[in-house]
């Protein structure tokens, strides 16, 4: 059994991976670590876990938190994993970090990211960066499996955009200067901490765009698309919040290059995702939405061409807490340990 | 493997038992039957099932719908099961009916129920009634298991009220003339069919009481409580709808009989539910609500005494589609087939 | 024109009375006071007011906040009004306080209230208490008008319960030991400040009971009902939160005294509310809910008798921020200044 | 007083204009007409109107529905107004039609529209088309006022897009081939009639794109932008539904033409809307969303330039039932009768 430690267990990313590991046939939770609620059973923080996960939350400096684990999930904000990952790696663990700390595998790119989001551009463990991989299996499946120890789990918006645009970019279907990502997220994407903007009376019956000055997930989208394109890519990115709990709906646009047909587009997407069990493809007649991926690790893509304007339009649906976070992290764990990618994740969700 | 047939597969009760059977280690779905959407894959009706349940919906008179099954779930409205159950029983199936058709095991009581809800008081298969059992394991566990073939799955409100009041009634803790059930349900309790009252703009930011003239679930509550009390019981029952999808929150009140102490109340509930894996007991300091049973088969009870007024107050929480419907039906199936009661149901839910 | 000062302008109670005063034909806002957001235009806190109320928020110790006003609304928590009301009264203002500070007009009763909610039992301005009146026009209309200077605006739950039960108590229709108030509120009742329990992901699709150990509004309900009954009254009171923004739905129960007929009940309610423009009476066939009072000062009552159990059941609907707070406060202002009770309040709301 | 008749009074568009006319100082409702609920008081359909609008709904062929009115609002689907408008005009009424029937003022353009949405391309009253005007005051203010008798009230999505893009198009700021309208609406935009997709359990926690094959509002957007551009314009348009009741949030994109600066963009918008009382302009630092226009006739625009991609981005906020429907219709009525444009509409809304 894979012994797993979860750092930042008390947040939504922590409870998400807790739920998944509880059901995973090859893993078990060895330790739950957080800086708040220390000593409380996880089921006191999350009453739905009563009888399922009554393990107490440990302080980071507690003895049990020091014990070696096979895998450590850092469900922590930017700046934590880069300080703590090395010790875990040295103890033999594989590390999956949810933040931006290991999403860019060289110090220079990291520094640019850090500057954009107003953080110290100096990475605390720059020597680890070359060992890290951007943890989106649909782009880096082989690399994640091959003796990999350190994974930067992607941002939720980035997952939705990259799933939707990668085949088009890889195959040169669209004009790189024409890319627009119009992304709507449910509120759980903001995490567990209450804030004025997510207070129920302020959030129900309300939608808004935010961080128009620049969202932290843009850079990893551009970085990964750039790798696929073989050159720099810039996107216009608009983050929006709507009153759902879970779900990201991203509408992705790009002008088709001359001669690219709708059939070629459809073929490219089919080919690109042939070996990807969590991507489902639909055409524009499909009556699907975010509720149909709720609670699952699936990314559902409507791949469409607006012939009137010669434009690619992809509607990308994920659950931001699953394929956008904990589910994707578990998918990475499976790959790291040579397990089937879908192990513990092949669930249909629950409806309504 | 237990071969299961689901009649009324297209509704919320049907998709609920479909989801559960897909994950059940000892059962498999043999046939999905409905009168609408015939020929459509279940995953066309419910896109979250794509790749999980693409079986087509069969017409009731199709050959595959005639094939014998080990268990048949009638997720159908009042009046259907009573006409079709006998044929299934003759073919050797065990039958679990979701409607009021088999919740009362004598024709006279059924007739009274039918009159209350404005239906024909003559049961179509009165000879089957004595063979039926009210399918709430927490009250009739032994009987459901013992060679039982025909189960009337309870109404969702009734489950919430009976879980909350049965220990008090069985132990004579409260004045039988003082019982009040104040029950709030999420909208999924009304089923899949759109209606003016459940249209999103009419339902968001809205709560209302309904059927103040008499709700169809009252009689089974009174019947079962009467069996526990050894005499007739009447309750004041107020059904309300609030803008949630899932969940029933019932506040249940009764005046304590002289000499009954809070400790005696607590003990009675603990003893009553000692062997019931799906009931969790809490005191009034617990910070729990319906989201903590969402997607699960649990009934969470806050058992409280208002000493100032000498009144028992129980706050009962269930997921109306699980413990209130499909989950409870699967619990019954497990008992009918001698499986552990929790088989396929020991899940913690997902949060948030 | 009546010059109004609002203390605590930045909260929901403050913006509520701001909206109403902006439209009131006989009043105008002279000063907005708060301890946070000082110097910000009200329309920066509440963008819907842009162009309507761009007045800046003043600090309590600013010169403009010291200027005399004709009426001062204290939309402040317990403990503030009792310290500041006297100065305003001395400057000639009439005072309407939203908290519990002036809901009990003698120091002894206040002390009991304060003890229950864990506050200092010593009132800071006990000499003012005899001058105060409980500000529910439907109970104390004459007194509020008659040269009154100091009004304790009621708690939102209390309004819903008192509207629903007062006619029954005044007319001796129900057994005083049998009273139960089962009350559900929308989230705005908790105010503007974010909290874990009202964070959107934690609140959507969720209902829960809270403060089962005792809600602060119970005592004023018992006090006012006791005045009507001519003796002590105790109620069982259950507060619940559901995912709506506005609205309180209270189900109120009491066993009818011998010989009380449904017709007598209906007559009593009609007579009691004959001169009350904001109370609308319905029978149990009415298809109404909280959305139908949303944004208005109305209290809609379904008055019902459950003949099977000989029990009075009243379903009381108000908007917690209007009849439960700012609307009721304005109604009090109208009475204090001899204006028609409905002035600035005779609005139908907006639907859906 | 302007006597108003509302045809299609029972729908959301009908109740919306009813609410507004009730408060309008210069108009009164003379007749409410519908084909359903005939004989019912409006307050039976909409209980919030009890005491405010108890007028009964009249059948279209009733005598009172034949009486001349000063203005007739056709809150009816495509195909109704074109058959009935002429009779009203002959009786001397001014006509405001909510459907697509009079949004295109020549038969040829109408035919193209009708074909796109699968209707008979032959207009039933083609001779009226040249007399009609597209009823968006921000584009056609002068024309709507000048002896105009027949107005085609715009589609809700179209209002949000045209407010957001018109200044850019009029001033040649953006490449006409680069326009994208990514539009999210609340559910009330679908009207009052229940449907599977708007059933509460299917709609809560769910977002989806729809009519990717072509939305009926696209053509009027292209038509009006084309008039501003002086040549044909095509947009990529993506309609989405999110779980709010009211509100449209449209993100509008276009690539800036060479040399166009952010300052030039800001100036163009300011100049364009100088005389438009219902448009409020914001920059990208504004913390606004759809709740801040809820219940009002305002269109709030965040006008932004993404310098990294040289792209104009406008975030347009309206209440789909107000500026997107009834409020805009009343604004048109005011202009038709020479009243101040804001008469009966200068309201701030209510929050939260």
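When the chains are written out, they are named A, B, C and D in that same order, and each has its own residue count from 1.
Criterion: contacts are C-beta pairs under 8 Å (C-beta built on N, C-alpha and C of every residue); 3 or more make two chains touch, one makes a residue touch a chain.
This structure is a prediction, so every number in the text was calculated from the model and none was measured.
Undergrad: Taking contacts as defined above, which has more of them, B-C or A-C?
TA: The comparison resolves to B-C.
Undergrad: Where among B-D, A-B or A-D does the C-D interface show up again, with more than half of the contact pairs the same?
TA: Matching more than half of the contact pairs of C-D: A-B.
Undergrad: Distance-wise, how many Å sit between the C-alpha centres of chain A and chain B, to the nearest whole number?
TA: Centre-to-centre distance between chain A and chain B: 38 Å.
Undergrad: Which integer distance in Å separates the CA centroid of chain B from that of chain C?
TA: One centre to the other, that is 39 Å.
Undergrad: How many Å are there between the centre of chain A and the centre of chain C, using C-alpha atoms for each centre?
TA: Centre-to-centre distance between chain A and chain C: 46 Å.
Undergrad: Could you say which residues in chain C touch two or more other chains, in rising order?
TA: 12, 186, 188, 201-202, 204-205, 243-246, 287-288, 291, 294, 352 - these are the residues of chain C that touch more than one other chain.
Undergrad: Residue numbers of chain D touching chain C in their complex, please.
TA: Residue list for chain D touching chain C: 12, 15, 19, 22-23, 46-53, 188, 204-205, 245-246, 280, 286-288, 291-296, 300, 347-352.
Undergrad: What part of chain D is in contact with chain B in the complex they form?
TA: Of all residues in chain D, those touching chain B are 12, 186-188, 192-196, 198-205, 243-245.
Undergrad: How about chain C: which of its residues touch chain B in the complex?
TA: The contact residues of chain C facing chain B are 177-178, 180, 182, 184, 186, 197, 201-202, 204-210, 212-213, 234-236, 238, 240, 242-247, 249, 251, 253, 255, 284-285, 287-291, 294, 302, 304, 306, 308-309, 311, 313, 315, 352.
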